[in-house]
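Take a look at this one; I'll ask things after.
Lettered A, B and C in written order, each chain numbered from 1.
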Amino acid sequence: MADYVRNLWYMAAWDHEIPDGGMLSRTLLGEKWLIASLSDGTYAMLADSCPHRFVPLSKGKLEADVIHCPYHGLGFDRTGTCVHSPFPGPPPAHVRARTMPVILRHRALWFWPGDPNKADARLIPDFGFVDRDGMQRSHLVIQGHYELVTDNLMDLTHIEFLHVESFGVNGSIFAGRQSVVTDESGAIWNNWDMEAVPAPAWAAPMVADGARVDQWLYMRWHAPAAMALTVGLSRTGTERRDMVVPEMVNPHIITPETSTSSHYFYDHEATREAEVLARKVFIEEDEPMIEAAQQSLGTRDFWDARPAILETDAGAIRARRRMMQLRRAEAADEAQVGN
Amino acid sequence: MADYVRNLWYMAAWDHEIPDGGMLSRTLLGEKWLIASLSDGTYAMLADSCPHRFVPLSKGKLEADVIHCPYHGLGFDRTGTCVHSPFPGPPPAHVRARTMPVILRHRALWFWPGDPNKADARLIPDFGFVDRDGMQRSHLVIQGHYELVTDNLMDLTHIEFLHVESFGVNGSIFAGRQSVVTDESGAIWNNWDMEAVPAPAWAAPMVADGARVDQWLYMRWHAPAAMALTVGLSRTGTERRDMVVPEMVNPHIITPETSTSSHYFYDHEATREAEVLARKVFIEEDEPMIEAAQQSLGTRDFWDARPAILETDAGAIRARRRMMQLRRAEAADEAQVGN
Amino acid sequence: MADYVRNLWYMAAWDHEIPDGGMLSRTLLGEKWLIASLSDGTYAMLADSCPHRFVPLSKGKLEADVIHCPYHGLGFDRTGTCVHSPFPGPPPAHVRARTMPVILRHRALWFWPGDPNKADARLIPDFGFVDRDGMQRSHLVIQGHYELVTDNLMDLTHIEFLHVESFGVNGSIFAGRQSVVTDESGAIWNNWDMEAVPAPAWAAPMVADGARVDQWLYMRWHAPAAMALTVGLSRTGTERRDMVVPEMVNPHIITPETSTSSHYFYDHEATREAEVLARKVFIEEDEPMIEAAQQSLGTRDFWDARPAILETDAGAIRARRRMMQLRRAEAADEAQVGN
């Protein structure tokens, strides 16, 4: 279960999670890493385990962009080089901390666990919309494999069941038309169009009594599990750009913590009410369901458990297949290198 | 440790544990199952893991004898057939939930995890005595392999040590005579007869001062671990049917929850006092001892740990040997099917 | 990780941890053992798992130097022989509890998990200094492999970082000279001499203003991990025996609890202040660091994790190498016995 695809950008944290000039420790892809905020506004990412006696460097001090081990005082720079020793003589050159490329983009830190020479920043998916006013960016951990979370997000029909109390939906999703497309950037879109349906409860006050609306839910997916949801609503018969409310786009970015748990990065309006709703949906509704699915799977691989496939899984399955292809390609590359 | 014998009736629950028209989720033989109470008074038993995305069906709704998944709304009937889909078109016929035969008998639900064609209801052991007034039927979980619980029950000499405070015993059990017999139904009886011994504390007021009594403790065992204890007491020199108090029979039915934990189904008089005593005996006295034995065994098989065998183990060992024969027979059958 | 060297003396407990005429249960080298205080002032050590049904004998009763099982009443003497049965007839001679040699010395109980014929009491390292007035002997458990604790103690330079708040050190340790020597008893000494350094904060009132001192920290190690720390301080230019305060010696004796946790036996002055300081240093400073190192190592062997080696590790590495030699020698002996 732990054969992560390595040559991809993964999200490590929101920028506000790392204190200015400070460090954050986080388990990512099964290992502890620290993210350090440096004086030039960039970041460094080091294995959070001193190469000398394996203690967490993040419990030490960050001074002048050098991370000092809390145990015996060795200091490491952003490249993982030991640049300070408390003892006479030069720092031991053979002592090196592991590092990964890390880049700040769209208020998020992105890291590349594979070959650093392939870490092209242009491959980071576009989440430019994240950087807007009035939003609060949040993080939680879900006790399930990251692809179970992808399944959840790439099939939004579950909102009629799991989130029926939170969203006041009315069954109109079942009248929707699903389309799954892959765009030129390689993103997979799972699109759900509902035409001439009754307005959802939250929008009813904004449309004429009894008037029909068109609604769309478009989920964009980039490997490994960086998703963006677009929600739109227009009066039926009008142009789609004549929307009842402005189209909303939100990030749903998933990063494996371990083979059975996932980081979930999302945002919501910076109000107490929106925060409470988001937590209800994610923590009380989605999380227990995904965790129960994980427990049911246990240590089995998803496919070994012979899941039934529904038509509505088309987007989720295309994403899973993409990840499988990437895993196989990396395994083949490694086998070749081994020869 | 998890090679359960499958072609046997196991007890899943007392009938009152399943709400009318509702569901109960329970881990049995290492897997989660749900028991649903249907409108015709019978029950259904389905794997508590939706065949689509493995979430617990028991968290969904039971409506008109159809179990609706809480995640994406598929509905399953008692045969595990998908009979409802929220989307247009027929329900997906290839999506099936696993089921097991389940029968209500003697206020208990009995399930058959093996070949359904062999699930003959006449093989359910007779616990007819359970259905009597004034009794409360209870359930607890013990953190130990079910055969460690069998050992406990098939050698009641431990009441002189483990339950000495609860039962006010007086050592007379050591003057007893043990006999182990197999009856025509295949049940193994571990019988303990104490002749001309002082009356136990609880019976003393009912016999003449200093008069001797005959006491008997008969434990009946059916595979895998369905036991019934008969306790009797008569004045020495009288016929056994001339009892001081009516003979008492109580169920002690054990079902594996996992390879290291067990369901324990028992009953007691429906008084607060009897409930407190039963909980003291089972939860404070037996449970910690069996749990400690399990921890000491760890993942080792019982026989690999080379237990010392005492004469008083005769009944317990005969039951263990029976289970071993059944396991071997099933393994041989499976090997043959494989050829 | 669990290939303990068996032909060595390990410390099990301080004498005051075992009640007079009572028992202590403790996990040692991955197994539960009981230590019983006998009427002649000596001790017995038995596997804390009855050979009959594996329950903890320590939950039973110790009467007249016989340990009675709480489950079915078998009684065992100090040799592990079953000397009592509640049933008619002689006790079952084939039922034996495992034992280990155990000796009281220097207020501590020492046990020998290997071949009892090799258990020569003269091999117990000398901790005679432990038996002095005004000291409190203590015990705690550290969630790390015992050799990670050895590493900690055999490289005291960490006090400048990890204990900088507790000990008010001032960097003078970096001016020290390390020497690692093996004495005729086989003990490895990691010695740290600091000459003509400023007095540490605690000693400043006792030396003339601005006067320099010589300080020494000598850690003595015996296999597997029985250590003693000598701390001394004299005015620079005087003889070392002309000390500012009397030389202090303290035990730091480590015994594996499991392959990832360790017993730590230490002492300190019998004052509330000294107790608080010791707990701060061991529990708040050392323990979390060693536990984090263990978590980072996970199930990997120390050497498989390719630790960087520093000059200051010389003592720790010599101790690790000694343990490796002892392990290999025992493995070779066992292989030979197998032939």
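Just so we're on the same page, a residue touches a chain if its C-beta (ideal position, glycine included) is under 8 Å from a C-beta of that chain, and two chains touch if they have at least 3 such contacts.
Predicted model, so just to flag it, every value in this text is computed and none were measured.
Between subunit A and subunit C the CA-based rotation angle works out to 120°, given as a multiple of 5. Of all residue numbers that take part in the contact between subunit B and subunit C, under half occur on both sides, making this a different-residue interface.
Measuring from the averaged C-alpha position of subunit B to that of subunit C gives a distance of 47 Å.
For subunit A, residues touching at least two other chains: there are none. Within the complex, the subunit A residues that touch subunit C are 32, 48-49, 51-56, 59-60, 68-74, 86-88, 92, 94-96. By the touch rule above, subunit A contacts subunit B in their complex via residues 148, 151, 155, 157-158, 160-162, 171, 174, 289, 292-293, 296-297, 305, 307-308, 310-312.
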